[in-house]
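Paired with chain B in one complex and with chain C in the other, chain A is shared by the two complexes that follow.
Moving on to the complex of A and B:
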């Protein structure tokens, strides 16, 4: 009897390809997925810049302080984008998964999973940008408190960055020390 | 223009000092230390230049209308993002540059900012954990 289960049919069709081709195709999907994290810092920095422009328009005398706080906050908010780039480019040019032995489907899924995990980088990017924007706004309103505002902003940003780093650790584990292959 | 030049110089000095320390450690850890230090230098310089680019963008953005400042800052971020991509790509492709050194160099600027602006006053952290019930 002909198999009518679409998923089984799809997997059988997938396994009809060469092993390396399946892994490389999954890597391509994973690379694209990892790059989605680059959106986060873009939104965050845009928000910070908008708040900075607002703060300067309300109180032009604080322009220097507002720009300084925004500059420092926006520079830290970029980190998630760099981490996603690193993972994507390692997958493209230093792919460690093609030469792995074990189930091709597991390795291919791990490549997609590594890319998927990097999407978490959107969160820190937007969150850090939001923190930078709000700090910029408050510096415009209360320039005397600049140093404590900046310190509080960085404390928040450093905590917000942790999820992005966890995501990168999982992506690196899936690529370089995949524990799933040994379970087969 | 140039209202944040003092902070740019301070961060650039911090990056150079930090990278010198990492280069010293790398000298003892890596057998092939020249590519590592080249990568560190490459990443560090690009990080400083991108920080300068960011400061120019934001100095321009603060005098714009909020909506156009948002669009301008976001579009410029993607230009810098592309630059980072090119730098990491070159480091992966070139044999005489260690990619780990480049990544460390790129991230060093963020670490320096956190060090100089967050961990410079221990009283701030003491106040966070100080119990106030007794008062």
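Moving on to the complex of A and C:
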């Protein structure tokens, strides 16, 4: 009897390839997925840039201070994008998964999962960018309090980064210390 | 139909990966659009500060562009200098 379960058919077709090919193909998809995190810093830093333009228009004399705070905040908001880039580059140029022994399907799925996990970087990127934008706005309004504004901003941004770090830990575990392979 | 080789599978998945990487372009688009909007608002409110406002806006927008460029780089690597084929 013909097997009509298309998922099983697809997996059997996939397993007809060389195991390295399946893992590398999954790595290519995972690399692309990881870069989706770039959405976050893009939105967040754009918000900071907008608030910077607004603050300068209210009080053009504070232009320098406003720009400094905007760039500081935007630099922190960039972190998640850089972490994703690092994971993508590791997958491309230092792929730890292709030489692993064990179920090829598990390793391939782990490569896609590592990429998916890095998408979490959207959140910290947007959140830290919002903090950067608000700090920029307030520096424009009250330039005297720049240092305490920036300190509060950094503190909040550090907390906002946590979920991005969790995601990176999971991605690194899936890539370098995969516990699933031994369970097969 | 000719049989699909392992290399073909990697190349097909690389095409998907390159497309996925470019989804990151959503972010800079939204963010820079917000910045441009606020820039226009600021110039309307304070036309004499146009130079300062535009400079701040462009500086911030340039920073917001970076993640879009990262996505583009990864997509271009997957398309034109794919390191995964060599590992097969």
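Criterion: the second predicted complex is superposed on the first by the 184 of 184 C-alpha atoms of A that agree within 3 Å, B and C clash if a C-alpha of one lies under 4 Å from a C-alpha of the other, contacts with A are read in each partner's own complex, and residues count from 1 in each chain.
Throughout what follows, contacts are C-beta pairs under 8 Å (C-beta built on N, C-alpha and C of every residue); 3 or more make two chains touch, one makes a residue touch a chain.
Note that the structure is a prediction, hence the values are computed from the model and not measured.
Colleague: Looking only at contacts as defined up top, I'd like to know whether chain B or chain C touches more of chain A.
Modeller: If we count touched residues of chain A for both partners, the winner is C.
Colleague: Check the residue A:37 against both partner chains and state whether it touches chain B (first), chain C (second), both, or neither.
Modeller: So A:37 only meets chain C here.
Colleague: Contact-wise, after the overlay, does A:21 reach chain B, chain C, both or neither (first, second, both, neither)?
Modeller: second
Colleague: After lining up the shared chain so the two structures overlap, which partner does A:81 touch, if you call chain B first and chain C second: first, second, both or neither?
Modeller: After superposing on A, A:81 lies in contact with both chain B and chain C.
Colleague: So, does A:50 touch the first partner chain B, the second partner chain C, both, or neither?
Modeller: In the superposition, A:50 touches chain B and chain C alike.
Colleague: Figure out whether A:29 sits in contact with chain B (first) or chain C (second), or with both, or with neither.
Modeller: second
Colleague: May I ask you to decide whether A:58 touches chain B, chain C, both, or neither, giving the answer as first, second, both or neither?
Modeller: Touch status of A:58: second partner only.
Colleague: Quick one: is A:71 in contact with chain B, with chain C, with both, or with neither? Answer first, second, both or neither.
Modeller: In the superposition, A:71 contacts both chain B and chain C.
Colleague: Taking the superposition as given, does A:98 touch the first partner, chain B, the second, chain C, both, or neither?
Modeller: Only chain C; A:98 stays clear of chain B.
Colleague: Identify the residues of chain A that lie in both the chain B contact region and the chain C contact region.
Modeller: 38, 41-43, 45-57, 63, 66-67, 70-71, 74-75, 78, 81, 85, 89, 93.
Colleague: Quick check on the complex: what are the chain C residues that touch chain A?
Modeller: So the residues of chain C touching chain A come out as 4-7, 9-10, 12-14, 16-39, 41-43, 45-46, 48-49, 52-57, 59-61, 63-68, 70-71, 74-75, 77-78, 82-85, 87-88.
Colleague: Enumerate the contact residues on chain B facing chain A in the complex.
Modeller: Result: residues 3-4, 7, 51, 54-55, 57-59, 61-67, 69-74, 77-78, 80-81, 84-85, 88-89, 92-93, 99, 103, 106-107, 109-110, 113-114, 117-118, 121, 124 of chain B touch chain A.
Colleague: Enumerate the contact residues on chain A facing chain C in the complex.
Modeller: Interface residues on chain A, with respect to chain C: 14, 17-18, 20-22, 24-33, 35-58, 60, 63, 66-67, 70-71, 74-75, 78, 81, 84-85, 88-89, 92-93, 95, 98, 122, 125, 129.
Colleague: What part of chain A is in contact with chain B in the complex they form?
Modeller: Chain A residues touching chain B: 38, 41-43, 45-57, 63-64, 66-68, 70-72, 74-76, 78-79, 81-82, 85-86, 89-90, 93-94, 147-148, 150-151, 154-155, 158.
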